[in-house]
Amino acid sequence: MAGVGQVDAKAVGGGDIQRLVDKAQVLVEALPYIRAFYGKTVVIKYGGHAMTNEDLKRAVATDIVLMRYVGMKPVLVHGGGPEISAMMKKVGKEAQFVDGLRVTDRETVEIAEMVLVGKINKAIVSLLNAHGGRAVGLSGKDGALIQTRKHLHRKNGSTTGELVDLGYVGDVEKIDPDIINAMVEAGYIPVVAPIGTDAGGVSYNINADYVAGELAAALRAHKLVLLTDVEGIFSSEAGRRHLISTLTAREAQGLIHAGEISGGMIPKVEACITALRGGVPRTHIIDGRIPHSLLLEVFTDCGVGTMVTNDEEE
Amino acid sequence: MAGVGQVDAKAVGGGDIQRLVDKAQVLVEALPYIRAFYGKTVVIKYGGHAMTNEDLKRAVATDIVLMRYVGMKPVLVHGGGPEISAMMKKVGKEAQFVDGLRVTDRETVEIAEMVLVGKINKAIVSLLNAHGGRAVGLSGKDGALIQTRKHLHRKNGSTTGELVDLGYVGDVEKIDPDIINAMVEAGYIPVVAPIGTDAGGVSYNINADYVAGELAAALRAHKLVLLTDVEGIFSSEAGRRHLISTLTAREAQGLIHAGEISGGMIPKVEACITALRGGVPRTHIIDGRIPHSLLLEVFTDCGVGTMVTNDEEE
Amino acid sequence: MAGVGQVDAKAVGGGDIQRLVDKAQVLVEALPYIRAFYGKTVVIKYGGHAMTNEDLKRAVATDIVLMRYVGMKPVLVHGGGPEISAMMKKVGKEAQFVDGLRVTDRETVEIAEMVLVGKINKAIVSLLNAHGGRAVGLSGKDGALIQTRKHLHRKNGSTTGELVDLGYVGDVEKIDPDIINAMVEAGYIPVVAPIGTDAGGVSYNINADYVAGELAAALRAHKLVLLTDVEGIFSSEAGRRHLISTLTAREAQGLIHAGEISGGMIPKVEACITALRGGVPRTHIIDGRIPHSLLLEVFTDCGVGTMVTNDEEE
Amino acid sequence: MAGVGQVDAKAVGGGDIQRLVDKAQVLVEALPYIRAFYGKTVVIKYGGHAMTNEDLKRAVATDIVLMRYVGMKPVLVHGGGPEISAMMKKVGKEAQFVDGLRVTDRETVEIAEMVLVGKINKAIVSLLNAHGGRAVGLSGKDGALIQTRKHLHRKNGSTTGELVDLGYVGDVEKIDPDIINAMVEAGYIPVVAPIGTDAGGVSYNINADYVAGELAAALRAHKLVLLTDVEGIFSSEAGRRHLISTLTAREAQGLIHAGEISGGMIPKVEACITALRGGVPRTHIIDGRIPHSLLLEVFTDCGVGTMVTNDEEE
Amino acid sequence: MAGVGQVDAKAVGGGDIQRLVDKAQVLVEALPYIRAFYGKTVVIKYGGHAMTNEDLKRAVATDIVLMRYVGMKPVLVHGGGPEISAMMKKVGKEAQFVDGLRVTDRETVEIAEMVLVGKINKAIVSLLNAHGGRAVGLSGKDGALIQTRKHLHRKNGSTTGELVDLGYVGDVEKIDPDIINAMVEAGYIPVVAPIGTDAGGVSYNINADYVAGELAAALRAHKLVLLTDVEGIFSSEAGRRHLISTLTAREAQGLIHAGEISGGMIPKVEACITALRGGVPRTHIIDGRIPHSLLLEVFTDCGVGTMVTNDEEE
Amino acid sequence: MAGVGQVDAKAVGGGDIQRLVDKAQVLVEALPYIRAFYGKTVVIKYGGHAMTNEDLKRAVATDIVLMRYVGMKPVLVHGGGPEISAMMKKVGKEAQFVDGLRVTDRETVEIAEMVLVGKINKAIVSLLNAHGGRAVGLSGKDGALIQTRKHLHRKNGSTTGELVDLGYVGDVEKIDPDIINAMVEAGYIPVVAPIGTDAGGVSYNINADYVAGELAAALRAHKLVLLTDVEGIFSSEAGRRHLISTLTAREAQGLIHAGEISGGMIPKVEACITALRGGVPRTHIIDGRIPHSLLLEVFTDCGVGTMVTNDEEE
């Protein structure tokens, strides 16, 4: 009976079949991880190259939307330092830093808020939506999510140094996770910009790593993952540097005191410690320059960075 | 038995009592309106003096929070033209307009989004929170709320004039009210900034009046209220101008064609017509310069502006 | 364009506007109280002039319906002594009292129940319905709300005096608040008549003040308010009488022992103490002769009577 | 091993066992009926001997509580004519009737309401509670259950006769079953007294049969059962009277016109017709003097009275 | 008016009425028991004659369906030893027993599972469905209901005897009642076959009495009832045997040690003890040869067997 | 700072990273399919090699559990012909077939039920549980899932041939999907054995393909997938056989009439047609011998067999 049905040109031959079966095998290997993370909240600090490189952006977006579809509850926190500096330049202001912290006058915090909330946050929301997610952007003001207080800074970050007024730089006082929970319950992926207000309604710019750590604790998240532009935390032994795959909160603090952890890695490690202290069982600092590093972290046993754990776990 | 209890210095005398009773009487007069609006959605276009004058801002915030507490479901849409122009000036760009519409290049729409979403929207959210509400700011990107298409403009707004490319000025293609409903259900007051994206993810600035009209229709709101800086719509008869208290959609269109309604009043009236066509029973253009004009509109019989109704109602 | 739209005769002029704005201001002043009482249960003992004077009746009804609409959960308890006596007279019985308590034989308790449940209760229900509420009348028999035991009375109310048999006068043994909760949950305002039965199904008349106090405790109400025909509780010092604005439960008991609180004020004060002991944070004895005194109590800071508080609060 | 365990004196011997097994058999025979009525609403008009004889009262109470426990939803309506007349006599008023209808002046309707709502209704509620039910008494005022209008009566019940003013005798205008549904949903057995108000709040006494018929229709009940003091409806043929087991609505109306159905049976039959027209599939007029006639009606195939059905069913 | 209505041939005469009223009386006597067991879970071990005699099977099915309709939550566990032996014979295997326990090789456990799950279980499900219930059959594998471990048996059941390998005979390690709860919640009567698997997926046959005891404990059942082919537990005193109506768990264990309870009664008594230790308040061993013994146990005060209670109850 | 943290031996080098990233890429490619099938029901006919080969069994189990975790609702139907024949042989019965249908006497249907329900079904349930699913086995008797009638067979399957009595071979009369829905809602994967009963409670063996088709229709499934031991449906043209990738229901019927589809493929194709007629949009006959063919069918665009669609789709 000729001419009945369609013979699909895409019909697969023997070699193709094997390739397909190999692919299926990869999906199947993900199953134990999917089961383990089902219904779990994962807070992700999104930043660095993963936020600027177009390929990496697409990879992160797909990873997060996939996490949501397989039953996880991802919550994003993002920063945006370079874009704030760029915008300041545009309006003729020069960015100033003390001990790596931006000196933030009234105009600067206003620019920071506009850039973080009005540009970066919404760009991430659009990116996730475009990849099939249902994202919603929030700042710390929405639903009074982040209650903030002025950050008191002493020179060199020491506890005895001279007080330096950094202006509208804030610390997290308290997180009210109601709006995050309402959004997650309704099926959305929340994306949080690190801007908050104090009781008097004054706006502050907050370090996004710290917001991520506090938010993970407040949500009793299952994991905190921070995307960075390095491979992880290193230790040096006999003149050689090794990537550390696992270390405890206490060890991490030791490395900070010893000066082995420094610069931008400090707030990341401190965010991990905050989350761990707040009941989050696992925290990870991973290399955001590797495509799909987020997925690899969640869906494989291979550590693609450094895991910081509670002290008793070692 | 001396010295027992406290004799309150604030204890009220006869005259005070009368003053208090008068106050109670005012509350009581609001009851029929509270009953009539219980559980009803009211979309409010917030703009003009009510958004810049500190006293008016406080008054509007209290009005909206009160509306929510007595069982109504207020949803805000705001604009922000003057602040966009100010920001453009800061970065050295000059605002250009064709037929009252802002010519919006890539950089301009980016500035518009930052100002609307990152500054004005969050300021309104903070203001409502400070008055006891639980507000959440949304742009048209959040939850893919506003699907947008490029606005095609012909010179002078005529239907036959030459096409003018205004750049990233958008029209509402479709509203997906899911995120608004989820937020209202969870107890929040949504505040919407008029920024949307098309299917390709391109951002557009949209006229806030039109967004309010479309949103009222999509939510099947009970009322659309637009705050303006005039007393309402006027008609002229025998050389005298009269404030019109009620007119139908068809009459309103007649006044536009006759040139009696012009300038910034046109999008407001068209927003009313869109809402009415979409099933919203009442629309109001009211004078935002009067303190608590919103409350007066809702809680009294005294029209404080112009009501536009469906044609069959007259 | 002549003849378009309607120029409302009611359109407001300048002076009117100010008057309206003043009204709105009053509504706005109520907002902090509305927020504070949102979702809270308030038990109200309704009686005295407020239950007989037509103007006061309307005022109380509006107050209660308004309380419900702004999110509070009012529950009423009412008495009805004078009407019981009147009905007794009609059927040729004379009311007899011992220490202010009605001697209640079989026929009397039957008349009391008919008057309280079949006349007064339903009149209040109708009154609230007519003002836009959804009220439901209950006696202590409905849903076995009030489990009662015979009241043992000793002469002069002393603890050692001779026992006097007052007949079918009851004490509250236990409140089962299920039916109240079901009705409140379904949106109704419960109105409770102070009639109950013992385990054997025998009916008793109970003092409405005591029922209100026990009910407030059983419902873990936020407030108990008793409407009376006096300004509040007075103390005398140096021969002068002062209205007490606040006193503690212990002080109140002292005043009873000292004889400064006497007569019909005793059960009211004891009801307050019962409620306070049962976890109700605030109790109020207010002047029901002032129109809207209920609203003033709830929506202003001005005490219109005496507040009885827990001992530790003073 | 002596002295272990208890040898129950009640332990059953052979003959006892058979008696017990016979009892179980009766329960088992009820199963098909229990299944058929599971979750169904049955409106019961309670009156006559079943409401005055102590044994019958207990039997009716157990029947109704049992119906509720096996998954049915019984709703009661009761009358109380004789007690109203007795109370009128007590206060020195004589009951007057026109065509079997009570002439009801202001004082009479007040007495009727007190007796029906404050005495009979609560006695039924207590009776049901005492038998393990959870009953709640309602009048037509509660939750605005019965909206009433003045009954216009023409002499002899004809349509052309002279109008006679019977005073506060009402007809059902509309039933709002919300409160019944809320109570049933919450597990209660509603007991309804036939008192209602018109839009102006005026109280009326309504014939309980009619209330039962209208309520059955409004609740879309599965059955309406009216307890009477006769065996059912009779027809006469060749000089002999026969109890009719089944007749249609049309036949019933024929019998009324022919004068074979007369007196107090008319409102009962008309209540059946109202219910049938309103969608109730089965209506029954049964002999309330037979103990447990209610249970027999529901749990056996043996008609214990007359069933009135829709015309198409015959 | 001749020929109207139907005169039912079944219409009941005087004698019939009395018989009907007697029947109703039986239903009414069940009410206190129906109330007491409303919403309660009852685990029933079904076996013996009641599972083979056709009349008894029908009686048990009606009893259980009736229990469900009057608000109880029956859960069945069944055995099936004789049918397993019959099937083994069919395939040419001889059943072997050690201390009353079946020696169970691989093939035997497979046959046991087929017979229990594929034949007996489904026959019971069909039987219940045919009597108007909604039954669902489950084995210990469904929803991982019964986690099992190999039973270690010592000769003569002593604690010191030689270990005998009985093959695939299992003990209950843990019950996961989720699937039972889901089924009961959805309105079904669960019927459980005593087959389970260990962590490695190996199947075991388990004594149904023990499964019933463990299941009753895991479900926090209100009652455990075991149907047997004897009148109950007997004690002998002065050479005479008495049926024991009540004994405590400790006394029961004493009787086992004393050898007065022996054979197939041991697992039944031990199942009672397991249930009692697990919080089940009442356990019963009843005579399944009496028709409707289940109903008699639940709906009368007459013990039709032996009740085993907690020690403190005696 | 030596000795701090752990340097993971599993830490990944450059080449490893690429391999991991490739794996992530595979997961990501599945996203569009996961989104498309979210919340959708897929009925799977499980049989053939995929049910006997250990590797294939594991692969199928993982595929199905994975489908459930990524939000799909898989429902399985299985057959088991070879095991029925084997068991028959064991008990000394020889399997007989007419036109490929098993002649099924009383003893045979009993064996079929034991094997299907008591052995194969539970083995599949255990397999799924062991791979992390929560499975529950059901036969057509559970919850009265499959109402069956005797299959009337005419010789050679023609419509005019002589009637042949095949005994207890059944057709699906009606599916009551309540129990499937309850189980899926509660998180379980239902596994259905093709045994049903008629109204009289007689058991029948039904072809599993037909059960799958009817079940897909009754559940309004999104897809029906039948696993077979061939590559799909073939057509022959000019002497060569081609695998057909897509054909319509009408074309499929044509091929049956033309004799190109024959033998065991006929019920599979007819099951597809039943499902399509019942509203299932897509049906697939796929090669169960390819590992993870189920996953490939769902998560790739590459047809691994033949899709049968509605006529209008071609």
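First chain written, first letter: the chains are A, B, C, D, E and F, and each begins at residue 1.
In this section, contacts are C-beta pairs under 8 Å (C-beta built on N, C-alpha and C of every residue); 3 or more make two chains touch, one makes a residue touch a chain.
For clarity, every value in this text was computed on a predicted model and none was experimentally measured.
Chains that touch both chain A and chain E: F. More contacting C-beta pairs link the chains of D-E than the other of the two pairs D-E and C-D. Spacing of chain A relative to chain B, judged by their CA centroids, is 36 angstrom.
Separating the centre of chain C from that of chain E, both taken as means of CA atoms, is a distance of 57 Å.
Averaged Cα coordinates give chain A a centre that lies 43 Å from the centre of chain F.
Centre to centre, using the average C-alpha position, chain C and chain F are separated by 69 Å.
Within chain F, no positions touching two or more other chains are listed. If the chains shown are joined wherever they touch, the resulting network closes on itself as one ring, and no chain has more or fewer than two partners. Starting from chain A and moving next to chain F, the ring of contacting chains follows the order A, F, E, D, C, B. Those residues of chain D that touch chain C in the shared complex are 87, 90-92, 110, 113-119, 121-122, 125-127, 129-130, 134-139, 141-144, 178-179, 182-183, 186, 188, 195, 197, 201, 203. Those residues of chain B that touch chain C in the shared complex are 1-8, 10-12, 16-17, 20-21, 23-32, 34-35, 38, 59, 62-63, 65-66, 69-71, 131-132, 233, 235-238, 242-247, 251, 254-255, 258, 260, 290-292, 295-296, 299-304, 306, 314.
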